[in-house]
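Each in structure tokens, the structures are laid out below.
Both complexes shown next keep subunit A, but they swap its partner, so subunit B is in the first and subunit C is in the second.
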Partner chain A sequence: MTVSLIHAKDVSKRFTRTSDLAERAAIWLGAMKPPGTVHALDRVTLTIEKGEVVGLAGESGCGKSTLGRVIAGLLPPSDGTVEWQGEDVAKLSRAEARRMRLATQIIFQDPMSSLNPRLRVQNIIGEAPLFHGLIKRAQARRYVAELLERVGLDPDHATRYPHQFSGGQRQRIGIARALAVNPELLICDESIAALDVSIQAQILNLFMGLRRELDLTLLFISHDLSVIRHISDRVVVMYLGRVVETAATDLLFDAPAHPYTRALLDEVPTIDRRARRFAPIEGEIPSPIAPPTGCHFHPRCRYAEPLCAKAVPDLRPVAAGRLSACHLAEDILSASATKHGERSCASAR
Partner chain B sequence: MTPLLEIEGLKTHFPTANGVVKAVDGVDVTLSKGEILGLVGESGSGKSITGFSIMGLVEPPGEIVEGSVRFKGEELVGAPRERLRMLRGDRIAMIFQDPMMTLNPVLSIATQMIETVQAHRNTPRRQARKQAREALARVGIPSPDERLDGYPHEFSGGMRQRVAIAIALLHEPDLIIADEPTTALDVTIQSQILAQVQKLCADTETGLIWITHDLGVVAGLAHRIAVMYAGRIVEHGPADALLDDPRHPYTQGLIGCVPAANRRGEPLDRIPGTAPAPLNRPEGCAFRPRCTRASRTCETEPHQTRDGLRGWHCFHPVAGEVPA
Partner chain C sequence: MSAKRVIGGESTVGRALRGIAASRKASFAGAICLILILAAISAPVIAPQDPYDLTEIDFFDSRLPPWSESRDGLIYVLGTDTQGRDMFSAMLYGLRTSLAVGVTAGVLALLIGTALGLVAAYLGGRWDNFIMRFVDLMLGFPTILVALMILVIFGQGTWKVILALVFVQWAYFARAVRGTALVEAAKDYVEAARCLGLSTSRILFGHLLPNCLPPLIVIGTIQVASAIAAEATLSFLGIGLPITEPSLGLLIANGYQVLLAGLYWMSIYPGLLLLVLVFSINIVGDRLREVLNPRLAT
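Let's turn to the complex of A and B:
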């Protein structure tokens, strides 16, 4: 059996705010409640195979960015383990851990706040490979020029500063910086969300090209389902700290097996759906400090049964290659399959 | 019948130390009662400034240098400030992208809403409060009685935007200008708000201009769409016609940029280059440097070609080349 590139197993991440002296006094006197714990991730299991593009979808506060950071080794998990090519990341030696972190690079949403405004582009891109001894100082200029060309920028601009570039170009600089250390896994955390539509398309094309040329593995985190659908081989949907569904892209979009995925797909605005009636699911995402009991989605779910408020549904196989964390997954799946059939008939008419 | 809103040849310019920024440079729009117009464009295209110009909210040194804005036949460009203030919040309302910036953080929702009611009518406080509560209930805020006494920071992003919409609805305006009101919200919350807005426009015959960069949202919501580029409307028409059979190469490019279900994994069509800097726009058609169809003719400004309900500004329109 081949070893997965990343295997995160039962990963939980909790954040607690530390109280200052005045707050501790207030809590002691009973004038204030102790600060709550945010359950950002709750027993999340995720596997990424080499060469795969995994799309991680969900709304704000669902824990998708936290999961990205835990996988990148930027945040230690509170519980559970992350394995990199079969080895527990927490037990790696310092040198191995450094190698693993180099092989995993993140590209953030806002290129302006992730690029140092006082450094020239050649230093932004060339610093890491020099420091890690991947290139010699004499080679740096040519190395940076090659990277700039690869991401579609003019190599002559290497002496410029970040503010001299547009948003799309800055994002390309961020990508070149990540590629400079020869990563195997790129984590794109809402990397195109802040860009204009025509620029988004350019960057998406760049990602797809890089993946082919460099045999990269991508974890593509986004709230935009049409983007996820376009680029991913497999999709993972999260809701309030838990994975609710995972399946191959076509299977998931054709017939979702979780009520939340189904609601998300119904609500996503696309240019193919005109003059439609918006029929949204009610309510808002609950607070991660006090999540609902049982299935986190049950207060908003139109299929919810008494069981859903009591028992936490496991993420379990419901069909070939599909996992869903819903007690009623089989019913939802067959209902969506029928609905999909109707929809394709309607569009054929 | 006079249309609800008629904008003709609107130009809003901002003089700066380096030259004049022509944010809006010749915009024509008409809107009838109960109609929803989607005003689509990328950042810097002038779509928000168009909205501000209608409301008379352009701040100096920016000013409307040319053109007219007629609201129910009444000219608003050059109208006295007092008259504009009477219209704003009463007959014309605006909803902004970020409700945290438009709601006063130190006043309760009730105070802010009652203030709005009493700014235009001599309504007793008790009556004004009742109106405020009804407006909150109408936009789907649960337990409006209790929430009325809350402060903006106690509301979630989606709820805050509902409050902003409720305030806009207080006087049942004839025209609402919504500037990217759902861009910062999650899909499920956006959908809730779109559902409410759609119902309100149908029920009360309010005209709505929905400013956005998201073609998907206007496809589902708008009756008509106008596409802006570099301060001008390059194409407008009924939503179906414009999206299925675009005539301007920029409209076609924008539609091609959106990932579609049936082309998974294939490279997206892309518009090369970036939008021109506002101080350095090319002569003639501003889209010329990014356009594959451009020729020498495009160095002069294209006039409008009209075809029934639709129109476009292009010398080499796309025709019959429907993207698959």
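Let's turn to the complex of A and C:
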């Protein structure tokens, strides 16, 4: 069996705000409640194989970005382990940890704030490889020019400042900066969400091209299901800090095996369904400080049974190559499959 | 959008200079500052008399009013003091001392305060708490009181005055830098730098610091003015600079003793010069604040 590029095992991440002296006094006197703990990630297991494109979907605030940062090594997990090519990241030696850190790069959402406004493009891109000794100073100019060309920018613009570029161009600079340290895994954290739709397609194509040329692995975090469907080989759906479903893209979009995924897919606006009224998922997304008991989704779930409020469903295999964290996954899956059949018939007519 | 571009783009210094040039008041004040600085630097060349050179001073010329003529034909434009020194020359040298002390103290306080503020903002947690509580403590005491206590403990001397001024001023810089750095540190480019494995010092001084410059320039300017004023206060109270290096404050103090005798020029003219100097620097500083960082309130 080959070793996975990244294997996050039972990773939890909790954020607790530490109270200062005055607050502690207030809590002690009963004038204030102790600050709650946010469970951003709750025993998340995620495996990424070399060369694949994994789409990570979910509502805002469900822990997608936190998972990305834990995998990138920017945040230490509260519990659980992250393995990089079979080795526990927390136990790596300094040099290996640095190599792993460089091998995982993030492409950020907002191209306005992700580039240092006081640096020229050549310094933004060239700083890290120079700092780590990947290139020599004499080569820097050519190296930066090659990278700019690779992401579709004019190498002559290397001496400009970020504000002289458009949003899409800045995002390309951000990608070039990440590529400069020869990463193996790119974590695209809503990387195209802040761009115009026409630019989104260009950047998506750039990602796909780079993946082919450089043999990259992508973790594509997005709330936009159509984008995920377009780019991913496999999709991971998160809800309130937990992974609720994992499946190959086609399988998941054809017949979801979790009520949440199903509800999400029903809401994707498509042209052939424009007459239909949208029925949003009922209720608000619950607070991650006080999540519901049992299955986090049960208060909003159409299929919820008494068991769902009591027992936390495990993420378990429900069919070949698919995992679902729902007590009723098999029923949902067969219901989805039938419904999908009806839908295909309807569109055929 | 265009405003955002300007903020992101131009160099801070370019923006500051253009901002000063755009305001008539600020350009006037800036010109005065420049003239005073040049005058202070070239004091030995332009002063008619070297007030430290006792051979040039004629005791029989003491207490002469402005526009009096000395016996060897020199005109005392602003009169002479009780020792017979030319007031104009003494003021030029005093300006030199005041500016040197004020700028040195301001720059040192800027360096120390900036480093501590950056560290507090970036490391957060315990470091942040420790540094900022100390800053609060410093800002809680009146400047002059703390400076007085330090000078009483350590005694007089130019460097001790500078030390006292640095000690009471670094906290302003630390607070301002921390505020800006907190905002900047939350931006993605800092996270990107961490992701690229750059060292902490490189992130602090290569990425965060350049983006914290605007408030630093503003506060630096204003703090130089207040350092000069504080030094003058200390000298006036008689515990500032030693008498061998008269600053404007010391000149005012000396003239004050004979002010009621009608010899107004010995304290009024140095006082006016001090006023013009501090006032001009403050106007320039205010203008810089408008241009560089409108939301800053100190």
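Assume the second predicted complex is superposed on the first by the 347 of 349 C-alpha atoms of A that agree within 3 Å, B and C clash if a C-alpha of one lies under 4 Å from a C-alpha of the other, contacts with A are read in each partner's own complex, and residues count from 1 in each chain.
One rule holds for everything that comes next: contacts are C-beta pairs under 8 Å (C-beta built on N, C-alpha and C of every residue); 3 or more make two chains touch, one makes a residue touch a chain.
It should be emphasised that the depicted structure is a prediction, and the values quoted were computed from it without experimental measurement.
K.L.:
Quick one: subunit B and subunit C on subunit A, clash or fit?
P.N.:
fit
K.L.:
For the superposed arrangement, I'd like the angle with vertex at the C-alpha centre of subunit A and ends at subunit B and subunit C, nearest 10 degrees.
P.N.:
Given the fit on chain A C-alpha atoms, the answer is 80 degrees.
K.L.:
Could you tell me if A:324 is touching subunit B, subunit C, both of them or neither one (first, second, both, neither)?
P.N.:
neither
K.L.:
Looking at the overlay, does A:249 come into contact with subunit B only (first), subunit C only (second), both, or neither?
P.N.:
In the superposition, A:249 touches subunit B alone.
K.L.:
Regarding the shared-chain residue A:74, is it in contact with subunit B (first), subunit C (second), both, or neither?
P.N.:
Only subunit C is touched by A:74; subunit B is not.
K.L.:
Of the partners subunit B and subunit C, which touch A:261 in the superposed model: first, second, both, neither?
P.N.:
neither
K.L.:
With the two structures laid over each other on chain A, which partner does A:163 touch: subunit B (first), subunit C (second), both, or neither?
P.N.:
Only subunit C is touched by A:163; subunit B is not.
K.L.:
Applying the document's definition of touch, where does A:284 land relative to subunit B and subunit C: first, second, both, or neither?
P.N.:
First partner only.
K.L.:
See if subunit A has more residues touched by subunit B or by subunit C, and give me that chain.
P.N.:
The partner with more contacted residues on subunit A is B.
K.L.:
Contact-wise, after the overlay, does A:65 reach subunit B, subunit C, both or neither (first, second, both, neither)?
P.N.:
A:65: touches no partner chain.
K.L.:
Going by the contact rule set out at the top, does A:101 touch subunit B (first), subunit C (second), both, or neither?
P.N.:
second
K.L.:
In the superposed arrangement, does A:199 touch subunit B (first), subunit C (second), both or neither?
P.N.:
Once the two structures are laid over each other on A, A:199 reaches subunit B alone.
K.L.:
With both complexes overlaid on chain A, what's the closest CA-to-CA approach of subunit B to subunit C, in Å?
P.N.:
Minimum over all C-alpha pairs: 10 Å.
K.L.:
Considering only the contact definition stated at the top, list the common interface residues of subunit A for subunit B and subunit C.
P.N.:
none
K.L.:
Applying the document's contact rule, which stretches of subunit A touch subunit B when the two form their complex?
P.N.:
Per the touch definition, subunit A meets subunit B at residues 59-60, 166, 168-169, 196-202, 204-205, 208-209, 223, 225-227, 229-231, 249-250, 253, 263-264, 267-282, 284-285.
K.L.:
Taking the complex as given, what residues does subunit A use to touch subunit C?
P.N.:
18, 20, 72, 74, 98, 101-102, 104-106, 108-110, 113-119, 127-128, 131-132, 161-164, 174, 177-178, 181
K.L.:
Quick one: which bits of subunit B touch subunit A in the complex? Just the residue numbers, please.
P.N.:
Where subunit B meets subunit A, its residues are 42-43, 156, 158-159, 186-192, 194-195, 198, 213-217, 219-220, 223, 239-240, 243, 253-261, 263-265, 267-271, 274-275.
K.L.:
Show me the residue ranges of subunit C that touch subunit A in the complex, using the header's touch definition.
P.N.:
For this pair, the touching residues of subunit C are 4-5, 8-9, 125, 129, 187-189, 191-199, 202, 206-207, 210-211.
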